[in-house]
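Going by the order they are written in, the chains are A, B and C; count residues from 1 in each one.
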């Protein structure tokens, strides 16, 4: 593998390029990249609890929606400035994640997945049926912003850089080792001294916080939110697929997965809009069958001393 | 008297829910797979009945076996050539696989059948039985009866036949089952096929009671979850109990709290059961 | 000197079945104690109760005078008690080094260690058990004896004061048993108190200073290896007359049977 200096340089160049993009590209590219970053952040966030810790969270969209609605409602009704409302959204998600995490992380596997899935449905229902506070099913409009779209590009890019750096740091240090140990064998991890509850909740909370921040920024960008789109379970599934496709449990996996899936979606939408979901479905099925460890695993791009993705063991044990 | 009406409504509704849950419970219990495409398969069964009715005038209840047969074959193929490869995978992988299938099936259905709402209206669709002040829609009643028959037959099949026992054995101990000569991939294919057939039957029943469209399946899959969790995984009779219970809960909450929070309550109930008694009312504790 | 570990009137029911019934014993610092008994005697349950993998139905367990029967498993680990599992539990998609590093990160002083320090410690422990040359291997790819070594290494990386071993020698051939015996004695010599469950009689009788015998959930005997070997209750329950005669006549290379 390339020496660290070369890799660092490559990364720096990439970031520089990304910083320059808004000034030289079209609105379409800008929008596409902003969307890509949005999902990449969520996929990376999910990766912490779903990939590293092995607790497949299917309630991703609950944080997206809570972040969006908190930001939106505070801006609309309390006339709060964006940054304050945005951070409040993150905070609400953080608290919600701690509470939900303590409650739900005692469930394993399928049960945890269903419970988180159910939570996102339940919260959506509550929001949709509380028109006096949340505007109900018709949704709410946020104040329109006067600054250019590229601000959101930078916000999402910023969040992305933060979460990826954080993920990398986690993967190399005690927290990461603890999370993966929990994933591989929670009981064995416990007797080695890993406080499973604290670590699981930590991963879930960090994940929820970042997803909430994405949701809040997204809401302001789009200017309109309603329960149907902001709590759409399809978002959860897209996020999870991106992480798995790229390689759940690796640092770069969610980025790769987000990139591939976003591009494919755009292409499909452009050329075969009527069956683009069919093709997407076929792609998902194929990926799951052929490279369950994800792209990163498949290409053998993993560094030494970082963790394999969860599907990898499957790939090797399949008869 | 009013309460009784709501309970009856709930039980009748529960019949459909039980039919929806039975197939799901089978695959979850035996193969430990959550089939996210279950709702989509239900809709396929519904469309079989709808088209047979529309094009050939076949009575919906009579087309149930046809829907079941067609879905049986489809289920067999899906398991044998797709799911079989990921049956032992981490749960996430199978989740995604079945989700991909769901996307596929629903989108193809939308393209072939269009998104219009359809329903099957027979000459007896509006008929009601009046029992001392209680109104019992005939169609709902027939549905409940069929659902009960279905569940009973399935339960008998599992317990009384050799093949049924083989299916149960594989869920209890895979290696032991293999050692006594049971061909696992065939058992799984059969299990999934039966589940699909049950989904087909549920779809047929739904087409008579409610309107259908390709995306409606997404509504029934979560119901299957709740029904199975309530009644207990790995239990066919549990799906029946869970279905009836859920039907009554929905009916009551709709009557007394209003339709708005109905779904929220359903999910809250789901989470509560998962936390307090994850094996459900009749479920069997498994190693996972 | 106060005992390192005290098991006081400990009872554990699984449903209606008593796996362990009113068992009491204590272990002094620095001892190497063997725990033997027929299958189903409750030996692993005792270890599970100490490590809080299972909860007590009745009784009390104290470590260095402090009650530990209300602590969470990870707290037990951090206090200085490490254990291995009978059916080994490697972290399969982590490398051998990473597996041991978990112990180094979370054991007694682990929370103070940096990544570099934890990895160094892991290398050091792997060298002790003879696995360092495989440190980059996936835990999944190890042979059975190596997996057992890994299991012990993970526990050792925690720098425990008390090491609970659950049948580490099961499935090992003669040479591997010898190696395991010397490793355990080495560890004990360096100050780690050891409680080892074993079925490989030659090994456990050869290295233990003291042996406790359980049968059907109760303690039926305790004493030095030769006392145990000639104890009629034990022989009846477990050893069989032939072993008793053999152990008195032919000492093993590291046997501590008195009188030889």
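One rule holds for everything that comes next: contacts are C-beta pairs under 8 Å (C-beta built on N, C-alpha and C of every residue); 3 or more make two chains touch, one makes a residue touch a chain.
Keep in mind the model is a prediction, meaning the values are calculated, not measured.
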item	value
Overall pattern in which the protein chains touch one another (line/ring/star/complete/other)	line
Chain occupying the most central position, where position means C-alpha average	A
Whole-Å separation of chain centres (CA-atom averages), subunit A against subunit B	32
Distance from the mean Cα position of subunit C to that of subunit A, given in whole angstrom	43
Cα-centroid distance, subunit B relative to subunit C, in whole angstrom	50
Residue numbers of subunit B (touch at least two other chains)	none
Touching two or more other chains - residue numbers and ranges from subunit A	310
Of all residues in subunit B, those that touch subunit A in their complex	28, 32, 34, 82, 85-86, 88-93, 95-97, 99-108, 111, 222, 225, 229, 260-261, 263-264, 267-268, 270-271, 274-275, 278, 288
Interface residues, subunit A side, partner subunit C - complex	172-174, 177-178, 180-181, 184-185, 187-196, 249, 304-305, 307-308, 310, 312-313, 316
Subunit A contact footprint on subunit C (complex, rising order)	51, 53, 72-74, 76-78, 82-83, 85, 89-95, 97-98, 101-103, 105-107, 110-111, 113, 115, 118, 136, 138, 140, 154-155, 158
Residue numbers on subunit A that touch subunit B, as the complex places them	50, 54, 56, 58, 103-104, 106-111, 113-115, 117-119, 121-122, 125-126, 129, 237, 240-241, 244, 248, 274-278, 280-285, 288-289, 292, 310-311, 314, 317-318
